[in-house]
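Notes for the one structure printed next.
Labels A, B, C and D are assigned to the chains in the order they are written; within every chain, residues are numbered from 1.
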């Protein structure tokens, strides 16, 4: 399956403003690109990429005074299969987890494991396989939080989401991640493209999506507490401990978002 | 100057419990060791080290049921000079900072830059050099928070510390770090040994200490908002975004701390 | 299966001599340790570990004037299964290989792909699966080189081994690695413990062993051109591009090896 | 000073051929770019970048059957100062060198320290500062090898260069690097742009240049055994152990170079 992805984003600034953007496809998908993925700025300012501490492609740029547009458009190949199901079986003991997954058991800016430990153990502490436990957490979060675009708030943490019971996809992800970590299941936050492929089209402007991955039985598996279903055509951009690490753009000064448009759709041609 | 450092820590558990400990001297000080730094466990369980994502030496172990002691004792050489003073001069623009310091400008578990942005800019926004700005922040934090061992709380963030005005050395560090990051000065959290060398002895049991480093003019420089003075003989153990990353021990299950003793003192012999 | 491993090595020097040793179990086996793996020096000089660029545990030490012994002894758990067989199927195109395996396609000190390209393609260029091709290479090398301890020479390369047709286990590995790389199959050099488990005991002093791994169908698989059989109980110490990267010890000055003893044997107790 | 750099390279292939190219400016110079550094392929095939093990930007691409051009053109700012002189003072003991420079003391494909150890110590073993020793090595190599474009050979090592006394800039670098390593001075190979800035123009088509860096007194310093002078306007592309690690292009199959043109010149405009 070929998927065409892209975006057009425009900022307005009152002064030169440094920015870091995580708006590139994740290296794990580089070999699926069927056309160049070229991040263009208008005006044509210098951009450069670096690999961040989580293995994502980050772009650094300096917005000049005035308006700057960032855009991208590319075609990528996808297997067209729903998210792979995690294998069943007993949960790994923490002592058997590899070193590199340990950070994904700890607290982070939006995932306060210390505050949700009791909630987690009282709800999900009974004997279960890792897969059952993650599914129970996802079911819980999916039902506990009411989705609404107007509930988005940049400082809302998992604890806030748990108490306020309202949020957007990132709040679903943060709460589910936190509960998994409390239960000693490594969990990491993901952002990327997710179009309405294989599901009824949604009557809302398309946005990037947030989901999460858990480490079960030696591998990472995708879960999505917002939709609570295995979806087709996720195109990963970045992973991190939570939304702090993978903000689409981080501006180091005031930069007003004037325009934001994301595209993700199945296509039959690369032209 | 030779400094003898060490600790004796004892845990009690009700069940096998995985643990990660950041109780080793930082690799940047390895070449100053004058005796082996041997982390011993009693009973003699397997331990192994790995380098974490921040370049620290982390130790993994599994506490068996019952009591486990961890101890260490070593002699290290130190220049015996006070913390180096940062150079003066204009603050670097974010666009000129190297890629690897960018994470130390972002929010983290205990350092909510989003919540303290206004506090930071209203207090420290006037024209100043980077060094003056950091010193102004350190002076502010030093005076704003009242020190008291009983104020320690594991979920206290910079925002909480700012509001409650009470804390321990880590709370001083978290607030100062957060304010520096708000002002676009990269700041990272440090833990290590800090004895009463060159200062009057303190009549309290010795503990590990927390301080922080800021990135000014191409280098990292030590600041200590708790003491607000340049000290002699800091022996760094670990650095990270905040106390989450460099907790002395993280137990993945209940492990009760039964005994805790830290030693740091000038010595004239290695015996 | 429990395996007891260890060594006693003694050097004599005429002056303080810096050394790097790759004499620790590989991190991928850390969680199999059943007793502490404690590297001891006599006299009790400071040692410290770092993770090298290939993910191995390297130890740095400075040999004082005179004699220094290094020793280690530990028990490790092993599945007791023969080396896993690589899956069959067509060889991956280079364009589909992940970025991190690319260095293992290039030339290195002892593996001159440029010089052996014609040998490789003329012998192994016909249509085959990756597994068949590696096996053909291993069969070829196994038969082409005559084993003999006295053939060891520190500057012998794959090209030399190919021409001289004599060598030790590292020469078998270097030639097989080079031929695999020529055929666009990533290959890396391994060192570790390999006892006579499941095979008739060999009447020779035990040594560390060298083997190699190839990247087939998304995973690394062990091959051993010296023995040309799937063995039980390999305990990996280090991996690299060739023997340069994983020399057991590299002395930066004259250090004479006075004693060398390696132990690897199945055991039923940890005592 | 503004410098305009760029290249046009064209390959012809008989079949799809995977390639890795190190044709991007080194990350340490990213912040000096004044126009985008856009690597273009014609036809417009997908390209993607990754950071290699040495911190260079590597590009992966797959040449389709037929002709493919790669081109780049950008303006970069440079201080316009000659290569910085290394500080004087005693050479660091190996035991005091940081861990990350150790690989640059070892043998590599084109730098056989084992073979040149005696040459090195007999010529450069007398008491000298590190800077004096490196300069003595550079003087020696500069005089020992006769430069000539037609002496280029892809399998020529430092040892070959020493014996044949003929070579191109990479052979000068390999020999000097090897002799430095033999003397326990870490040395690494560099490639990049070097125009005729501040020197009389050379009547030869411009090429990329090879030089090297040595680690003295805590920093890396540039040396150039081919020219044996401190030059202005080096624009680093990649560093590695030797030319193997930083080949401009590595094709995994036959790809014939049809056209090769490099530009590096001072400019006054970014247009």
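One rule holds in what follows: a contact is a pair of C-beta atoms (placed from the backbone, for glycine too) under 8 Å apart; a residue touches a chain by one contact, two chains touch by 3 or more.
Chain-to-protein mapping (UniProt): A, B, C, D = Transglutaminase.
Note that the coordinates shown come from a computational prediction; the quantities given were computed from them, not determined experimentally.
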Q: Trace the shortest chain of touching neighbours from chain B to chain C and give its length in steps.
A: 1
Q: Give a one-word verdict, same or different, on whether chain A and chain B use largely identical residue numbers at their interface, taking over half shared as same.
A: same
Q. A-D versus B-D: which has more C-beta pairs touching?
A. A-D
**Q.** chain C on chain D, rotation in degrees - Cα superposition, rounded to nearest 5
**A.** 180
Q: With chain centres taken as the means of their Cα atoms, state the distance from chain A to chain B in Å.
A: 31
Q: Indicate the whole-number Å distance between the mean C-alpha point of chain A and the mean C-alpha point of chain D.
A: 39
**Q.** Set of chain D residues in contact with two or more other chains
**A.** 27, 31, 50, 60, 95, 99
Q) Which positions of chain B touch chain C when the two form their complex? A) 27, 30-31, 33-38, 41, 44-51, 57, 60
Q: Mind listing the chain D positions that touch chain B in their complex?
A: 27, 31, 95-96, 99
Q.
For the complex, give me every residue of chain C touching chain D.
A. 16, 18, 20, 50, 52-53, 58, 60, 62, 93-95, 99, 102-103, 105-109, 112, 114-115, 154-155, 184, 244-245, 250, 252-253
